[in-house]
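As structure tokens, here come the structures.
The two complexes that follow have subunit A in common; it is paired with subunit B in the first and with subunit C in the second.
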Partner chain A sequence: MSGYIISIAVFVGIWVSLALSLNILVGYAGQVSLGHAAFFGIGAYTSAVLTVRYEQSFWVGILAAILVTGIVGAFLGLPSLRVRHDFLVLATMGINFVVVAIFKYVDFFGGAMGLVNLPAPALLGLSFRGGPAYLTLVWIYAGLTLLVSWYLSQTWAGLALNTVRIDEEAAEAVGVSVPRFKIYAFVISAALAGGAGSLYAHFIGSVFPDTFAFVESIAILSMVIVGGVGTLRGPIFGAVLLKSAPEFLRFAQDYRFTLYGALLVLMMLFQPMGLLGKESWLWNLARRRFRRAPSSALAPEEVS
Partner chain B sequence: MLIINELDVYYNHIHALHQVSLNVGESEAVAVLGANGAGKSTLIKSVMGWVKPQGGSIVLDGEEIHALPPWERVQRGIALAPEGARLFGDLSVEANLRLGGYLQSEEILRAQRETVFELFPVLAERRNQLAKTLSGGEQQMLSIARALMSRPRLLLIDEVSMGLMPILVKRVFNVIDRLRRQGVSILLVEQNAYESLKVVDRAYVLENGRIVLEGTPAELREDPRVRAAYLGG
Partner chain C sequence: MPIAQNLSNALVLASTYILMAVGLTMVYGVLKILHIAHAAVYTIGAFIGLLMFGWIGNFWLALVAAMLASGVVGVLIYRATYFYMLDAPRIVPLIASIGLFVMLTDLLQKDFLMGPYQKAFPAGGAGMPRIRTEYFSITPKQMLVLVVAIVLITILYLVQTRTRLGLSWQAAAMDRDMAAAVGVNLNQVVALNFFIGSALAGAGGVLVGVYNNSVFATMGDLVSYKAFIIIVLGGMGSVPGVIVASVVLAIIENFLVASVGYVLPRDAIAFLVLILMLMFRPHGLLGRE
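For the complex of A and B:
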């Protein structure tokens, strides 16, 4: 594999993790956030500060990134206890701008020049700089986020998150502590994005504030929506598609965010559940094509 | 069991409940009757904790629950079958039932599941269907069944008859009657006075946010105001 292909595969793996982590918040708990890049950035900067300023290893950096971002996520999730729906979207957007401004204007974080010379991970004297080793590491992490997402969907906590998404009052009426589960969702979602941020920072070797700007939040949300919100396959597919397509279609690179925006509008109009979402046109087609069996085994029977 | 004392609720400047006092005894079924806008839903929301009363008290088993959030009230034995069923439509009947017993142990879940399937055999047949694919009557039944899953000591039922065909209304009230005989304390909030008075021990009439009458079904049926306003003369 050429270095170019490997780096695309690394980026795809990182964005798969980001999309899956946002999906826990949006798809499971129904808390739509346009500030996910802030968590991505907090993870990246935590890791960068620890390794560059305090000369810690990458491993300390990524663990701290997961931990710190999770804790910050609990606090940044507090607005969700007071506001819902479109107001929450605005609040998370605002948080994204504030976080980027802090990176930009606080000298400790390197200001607009960012932090550079981040070390590559090393294990037993072997460096992961570039190459297949880093790629493996990134995809192990993506696998981990998938595992967490899947596990959560199988537990009581996952079911409780669903009730928060569907009907908050009904959730409270069965005894679900809605505020607690909203904060859980923010913590898990943020922590996983934080780890992805660390992986990104050490791959590039530097961090700059604008990487984590609001447009990136739109990009990550687009991946979740285009793929299919609330499912596991959807965010993975969305991230692979939207992260790799512009690399192969060079002309699309400059219009990347225009493309994301246009896709979002089209999806909302024609396939709001996503290309591979529940009951989407493509997913139903794929199931018919490959299963050759009626979907009634899985789908609920109709009631007359 | 439940004692509501001189409850005052305002929405901005609208006085929704005026000094409302009522009580539900152990194993007693009580109805609150009233027209649209009388304050019935506000009353339920106050008991659940979604509306903060400006005055008065709500006491459950001798404990003031005024300051508790809804889920802690559920923990103390209150369950609600809300107006409009409010099911988790994208989840199966089974998942809805499990969620109803969200705070309970596996044993209670198993036992209650059997109880509600015995009470509503149709839910057992449809347990793998999504809740939103049930008919209106089945949804109301699932809503009550979901509330029963927590083995509540006080069951609140909000406008269960609304939007149901008369035959289904009768069936749902039959179930309420059975629950009462089994000793569940019930607070029923209803527009349908005729059916309600058949299944409760006592009833209150709520008008413009005030309790204007209280009595046994026999007494209320004889009251000219109730006859005129709620029983069709």
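For the complex of A and C:
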């Protein structure tokens, strides 16, 4: 594999983790956030500050990134207890701006020049810089994110989040503490995005405030929505599609945000549940194809 | 002197905020949709105003053309997207409007439209007088912004309170289904609503373009975020609330920057205000719970 392909695969892996983590918030708990890039950035900066300013290793950096972002997530989730829908979108958008402004105007975080010379992860004296080793690491993390998402959907907490999404009053009525589960969703979603931020920072080797701006939040949300909100396959598919398309299509490179925007509008007009979402046209088609084959193979046996 | 001067500067700033935010709050009032793409309409207004100004050379004609064009763009946006989403869950039009905003802003930056550069809008004060007193002075450009904003808002006020359309609008804002039941033509009211709100945003874009002598593709971003803050402060859907909130925000910004200087950029301060408002007074300064 050439270095170019590897770096695309690394980015795709990181954004798969980001999309899956946002999906926990939007798809499971129904809290639409336009500030996910802030968590991504907080993770990246935590890791960068620890490794560059305090000379810790990457492993300390990524663990701290997950931890710190999770804690910050609990605080930044507080507005969701007071406001819903449009207002929450505004609040999370505001959070994104404030966080980027802090990175940009506080010297400790390197200001507009960012932080540079982040070390590559190393294990037993072997460096992960570039190459397939880092790719493996990123995809192990993406796998972990998927595992957490899947596990969450199987637990009581997952059911509780579903109830919160569908009807908050009903959730309270059956004994689900809405505030508690909203904050849980924010913490888990933020923590997972924080780890992805750390992986991104150490792959690039530097962090700049504008990487984590509001438009990136829109990009991540697009991936979740286009793929299929609330499912596991959807965000993965959305991230792979939207993150890799600009690399292969010249048009998609120049018109990246036109494409994202148009896709969001078209999806909302025709397939609000996403390309591979529940009851979407494509998914139903695939499922019918998939089902017909085994059933016809089984049919003769049943007869005999 | 600085107080009077700061106050008059704040009023000019507030006028531009009002023009932008009134359309947003009108759309929210009737449809309960957060029309994020409104920012793009504002930029399109400034762009068309600049084009027409270069073409005809008369500022007032350019302003009217820009307002008409923005109004049409607003109605088109409504008919192409939100119209089909009125009964969908609220997240659907919300995401569509984010998409529209991203798409339009990105398209505007392409070379065949505005390109990524700032363009000058050399309309000067369009013949407005300069006012200079002992306590404050108002430049012709500031005068232009104030006069146009006051005239437009007065017209809007008269339309809303004295005409049948205004009454229908108020009825629809109160209860859409009930208004339809008593014979309000909802489609027409909503379309006119978009037209007027977008035309005002277009006027705001032109005025800001002239005032800063610069028009560029992303000029709507910051103002639109400010406009969200304003409609939250004003209590979503309330036009008088928007006017009060615009003045309050402009005064806070002006005096804070004048007295404290830069701790955080003032836009970040505005967002902190927004988050605190949402946390503690989500129904706005004037809105009712």
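The working rule: the second predicted complex is superposed on the first by the 292 of 304 C-alpha atoms of A that agree within 3 Å, B and C clash if a C-alpha of one lies under 4 Å from a C-alpha of the other, contacts with A are read in each partner's own complex, and residues count from 1 in each chain.
Assume a contact is a pair of C-beta atoms (placed from the backbone, for glycine too) under 8 Å apart; a residue touches a chain by one contact, two chains touch by 3 or more.
None of these values were measured; they are calculated from a predicted model.
K.L.:
Touch check for A:160: first (subunit B), second (subunit C), both, or neither?
P.N.:
first
K.L.:
With the two complexes superposed on chain A, say which partner A:91 touches: subunit B (first), subunit C (second), both, or neither.
P.N.:
Touch partner of A:91: subunit C, not subunit B.
K.L.:
Applying the touch criterion given at the start, work out whether A:221 contacts subunit B, subunit C, both or neither, answering first, second, both or neither.
P.N.:
In the superposed model, A:221 contacts subunit C only, not subunit B.
K.L.:
So in the superposed three-chain picture, is A:82 touching just subunit B, just subunit C, both, or none of them (first/second/both/neither)?
P.N.:
In the superposition, A:82 touches subunit C alone.
K.L.:
If we overlay the two complexes on their shared chain A, which of subunit B and subunit C does A:170 touch? Say first, second, both or neither.
P.N.:
So A:170 only meets subunit B here.
K.L.:
Which partner chains sit in contact with A:210 here, subunit B, subunit C, both or neither? Use first/second/both/neither.
P.N.:
After superposing on A, A:210 lies clear of both subunit B and subunit C.
K.L.:
Given the superposition on chain A, which partner contacts more residues in subunit A: subunit B or subunit C?
P.N.:
If we count touched residues of subunit A for both partners, the winner is C.
K.L.:
Under the stated touch criterion, which partner chain does A:263 make contact with: subunit B (first), subunit C (second), both, or neither?
P.N.:
Once the two structures are laid over each other on A, A:263 reaches subunit C alone.
K.L.:
Would you mind listing the overlap between the subunit B footprint and the subunit C footprint on subunit A?
P.N.:
none
K.L.:
Which residues, counting only subunit B, touch subunit A once they are in their complex?
P.N.:
For this pair, the touching residues of subunit B are 48-50, 69-71, 74-75, 79-80, 82, 86-92, 95, 98-100, 102-103, 126, 128-130, 133-135, 138, 146-147, 150.
K.L.:
Within their complex, state which residues of subunit A touch subunit B.
P.N.:
Touch list, subunit A to subunit B: 156, 159-160, 162-163, 166-167, 169-170, 172-178, 300-303.
K.L.:
Which of the residues in subunit C end up touching subunit A in this complex?
P.N.:
32, 34, 81, 84-85, 88-96, 98-107, 110, 225, 228-229, 232, 236, 262, 264-265, 267-268, 271-272, 274-275, 278-280, 282
K.L.:
Touching subunit C in the complex: which residues of subunit A?
P.N.:
Spelled out, the residues of subunit A in touch with subunit C are 32, 34, 78-79, 82-83, 85-87, 89-91, 93-95, 97-98, 101-102, 104-105, 215, 218, 221-222, 225, 255-258, 260-265, 267-269, 272.
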